[in-house]
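You will see two complexes here that share chain A, one where it goes with chain B and one where it goes with chain C.
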Partner chain A sequence: MSTMSLPVAPVRRLRRAWLMQITLVPLVLLGVWEVWAVLAGDSHAPAPTRVIESFIELVAQGGLIGATVESLGRVVSGFAVALVLGVVLGILMGSNRWVRNLLDPIVESFRPVAPMALLPLAILWLGAGTPAAVSIVAYAAFFPLLINTVHGVSRVDRKLVLAARTMGVPRWRILTKVVLPASLPAVLLGSRLAMGVAWTAIVAAELGVGAKSGGGGSGGIGAMMFVFYAYNVDLNAIVVCMIVVGVVALLIDRLFRFAEHRLMPWRT
Partner chain B sequence: MKLQTTAPKLRLQNVSKQFIAPRTGQLTTAVTAVDLEIQSGEFVCVVGPSGCGKSTVLNLIAGLDTPTSGSIEANGQSIRRPGADRGVMFQDYALMPWQTVYDNIGFGLRYGTPGEGLTPTERETRIRHFVDLVGLNGAEKKYPHQLSGGMRQRVALARLLANGPDILLMDEPLGALDAQTRLILQVELLRIWGETAPQSQRKTAIFITHDIEEAVFLADRVVVMSTHPGRVKAVIPVDLPRPRSEHTRAEPRFGELAEQIWALIRDEAYRAIGGLGAAPQATNEAVA
Partner chain C sequence: MAITVNNVQQHAADRGARAIGAFTARAVPPAGSEAVAAPTAQAATALLRRLAATRTVTALCAFALFVGLWYGVSAWINNRILVPSPTQVATALVQLGASGELFTHALVSTSRLGMSLIASLVLAVPLGFAMGMNEKLNAYLDPVVELLRPISGIAWIPIGLFIFGVGDTLPVFIMVYVAFFPLLLNTIAGVRNVDRKLIDAARTMGVRRTPMLLHVVVPAALPTIMVGFRLAFAGAWSAIIAAELIGAPSGLGFAIEWYRELLMSPKMFAFIVLIGIVGYVCDLLLRALQRVLTPWAEGTGLA
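Then we have the complex of A and B:
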């Protein structure tokens, strides 16, 4: 590289200052944590360096990535079920007052029931494996999708529907060409929220299913955590799992925000 | 003037519309006993204070609403539902926010009855034609939120015309624009409507406005409506020559007509702005 143009240097300096500011507190906390763990003298106490070692080990064995992929697979299946049910029912309830009056009491009475409260039934009926975990995820993801779709569909600007009618657009096409695109922002928002709760639910469900199946027969990152907690007590490995769960949640959120941006170019 | 022997384009006979107010549950009369005949190629403006049922009449003609009593006919056929033969331009344009200028203009041609029997190429040519007509070249790929009020209004006008309606129904289409843009677009609207063409080739237009001068400038006839209940108070023929231009506004006859219409609605307009009672009698003379 030859000469640098003038404005670049200040920009770089600003960026470096920003990077230092946002990393300062986390680095200090990590340092304090490391010192505390070493001083504690317990060779099993989780410390940043031991967590990193544990992470490398778990990845090398293949167990961590396999478990994460398995959990993600369940989330995606459960989310897909919830997406279809939530959007179809949401369109019906949002566009038809009759359907809404019929279904609203049921929806509102199930909504406050936490997904985990369904776990005993799910395990008894579906066994301690993937079907139980998927059904918990579907249940958790269903409500944000349904409620946001109903909201989006019922709030579609009536003028747009009227305008389409005056252009001789048939009713089913008004649904696909006006109502659906107009409620897309709400559906995508519902999807992002649903995916968030789905990921939270899978970890909890696998922890619970793992407890029942004994020894992590159900697989997934939640079951992996259960094994490290109940069998070979390994705090460092549990922390690794916690971090992976957090990072995956963050990535999912970013992915959905990116998708929202790409699918709705008309929104700046 | 030649004698009109053919049936009118639009005929409203003793039309009334009542509805039950959603909040109070009271039976409210929006308009009553509206009789109106509009000839083919005529430009009719409807003015009146807010609440006089201007928009109700437009919605009834559009078929978006049905009258409680009376009959509405277009080309001798009773109106029951919306149809692309009666194009509507809404006050806030009702453009699809997720579609580009080009796709908005082509909406009816793609998804509605106006596009039936057209090949994709014919459709494209038609959309292009109307993009050009309203001067939106270069803005085809923009979304409505990226446009100025004047440009959105052009998109709505192009969409209206692209569907090839027989009757143009416009609900305060220039209402949201600033005063200068309005004056320019009034002239443009008349050009696009076909002011320079013989009457047989012009579209039939019904244009709602609260701006009296706008009504006089555009119309062949001005329908003056009145409130409580909404009804037609007077129909004023506008005998200003066409084509009209900026100079039309300076003609004494223009001022006379505006004055005459204002006299018909001023009392109600004063009452509508709340508690001021009747208009002071002196104002009229003092200004004149």
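Then we have the complex of A and C:
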């Protein structure tokens, strides 16, 4: 008993010190924010306690969860389109020098065109709704996926491909058994980056669609924020939405890191 | 390894081209003397092959294909508002350039971009140096950074609109926020990854704190900071379009949305093209700056 308790105490003390270290500044900042809101005297000024109240209310109504799920659904469908296009084109460009030389200039000239610059075009073509938002997400997610896949495929050890070819393995089998597994790390990295960009893009697109369709008929977390800004003027609810945006971004990132770790345990 | 394999393939391709050239020259006898024509035809095909292999020629082919495709689609849809043809967009570009509108909007956006990049440099780099060199400070401030970082700059637009209103301040605020995190994190990483041996060597030679910072830490951390700066630019460039589109009365993002509402699609396309060009030129300038400021980073993966 006593031999057990000896090492536990310092560990516990260390953990307590660590907990204090990581929570001190955020708690102080939250306190300052709360005091500022109380001193401001305006009952609409955002404050941590009011944000929590607002969060509970929004969750109870079901609007917040519904909007988040709707946005996530759009992100997933846009990401799926980008994944198929990006990986197929990436394999073509990575394995064939001629295709790469031909398509590289076009890809490079589209890359500096920010996804949001195409939102007016998407609204013009597809109307202010889900398809416009999804296409912006797909466009934003396409570039990290393509570039990482090209990089991964072109870095596949030539010796492996040549060895397989010497042994008479058909082209298709070389692709599925040699090239794809070897470039998997790059594709997964591209997926994680693409998903982060996609989540930012959906918030931007929904905000833009909401702002430009005059009334946020499209739904989603971004449109919800815009409605709270333009119609209800509920700052606490906007802060709730911002926190949800941050938490979802963090969860997506962790999920993809976990997948990378699980699928490729050999690279920590 | 890859280079030698490529060379071998190139060599084989050349030989193949020469063989094909010789074969066609022989199979289709020209009107003139065969003895003279064969080598010229051979040289011509070889030249063609080599031209096709150069990057500029394939790039030009790619653009020609793209513009051709665009022409085809615009002719097929035959709707000026939905898909204007490349010539209409080019005319719009010239018109906007002649009236000076192109340059005013580009200037507004780039000056906002410049201002916010400078502001975030001033905020993030000193803080990054402090956090990179002081473990205690880093332990206390890092949680705040990690709490704020996942909230994208775009998500600040509604509350920013409320605080600053529609105008110049909103895009600048959003961009400073967006550019801050890559700069800060890269500065911290750069300062922390300075080779300990360099610092120890300098310390052994009695170098004091300030010269150590200026002559050892800054040069060693600068390549990583420059990478952070380019990431910051890329993030800010996408954020400015969103911020201007939603909450500014001027700038490139405002202009495309303005011309969409007027259904003047050629001008809208012209501004989209301009956004691409300005973004590309800024990236080229940053790359040049990177080469000038940190020539020692060449070939380390940070260039």
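Just so we're on the same page, the second predicted complex is superposed on the first by the 258 of 268 C-alpha atoms of A that agree within 3 Å, B and C clash if a C-alpha of one lies under 4 Å from a C-alpha of the other, contacts with A are read in each partner's own complex, and residues count from 1 in each chain.
Everything that follows uses one rule, which is that a residue touches a chain if its C-beta (ideal position, glycine included) is under 8 Å from a C-beta of that chain, and two chains touch if they have at least 3 such contacts.
Because the structure is predicted, anything quoted here is derived from the model rather than measured.
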| item | value |
| --- | --- |
| Side-by-side fit of chain B and chain C on chain A, or clash | fit |
| First, second, both or neither for A:L235, with chain B first and chain C second | second |
| Dominant contact partner of chain A by residue count, chain C or chain B | C |
| Chain B versus chain C as contact partner of A:V25, first or second or both or neither | second |
| Partner chain(s) touched by A:R165 [first = chain B, second = chain C, both, neither] | first |
| Where the C-alpha centre of chain A sits as vertex, the angle toward chain B and chain C in the overlay (nearest 10 degrees) | 70 |
| Touching partner for A:N101 - first (chain B), second (chain C), both, neither | second |
| Partner chain(s) touched by A:A182 [first = chain B, second = chain C, both, neither] | first |
| Partner chain(s) touched by A:R257 [first = chain B, second = chain C, both, neither] | neither |
| Partner chain in contact with A:R15 - chain B first, chain C second, else both or neither | neither |
| Partner chain(s) touched by A:A114 [first = chain B, second = chain C, both, neither] | second |
| First (chain B), second (chain C), both or neither touched by A:W199 | second |
| Chain C versus chain B - closest C-alpha approach in the superposed model, Å | 5 |
| Doubly contacted chain A residues - partners chain C and chain B | 159, 162 |
| In the complex with chain A, residue positions of chain B that touch it | 62-64, 82-84, 86-88, 90, 92, 94, 96-99, 107-108, 111-114, 143-145, 159, 163 |
| In the complex with chain A, residue positions of chain C that touch it | 1-2, 5, 55, 58-59, 61-63, 65-66, 81-82, 139-144, 147-148, 150-152, 154-159, 161-162, 237-238, 240-242, 245-246, 252-253, 256-257, 259-260, 265, 268-269, 271-272, 275-280, 282-283 |
| Touching residues (chain side chain A, partner chain C) in the complex | 21-26, 29, 98, 101-106, 108-110, 112-121, 123-125, 158-159, 162, 199-200, 203-204, 207-208, 211-212, 222, 225-226, 228-229, 233, 235, 238-239, 241-243, 245-247, 249-250, 253 |
| Contact footprint of chain B on chain A as seen in their complex | 157, 159-160, 162-169, 173, 177-178, 181-182, 184, 264-266, 268 |
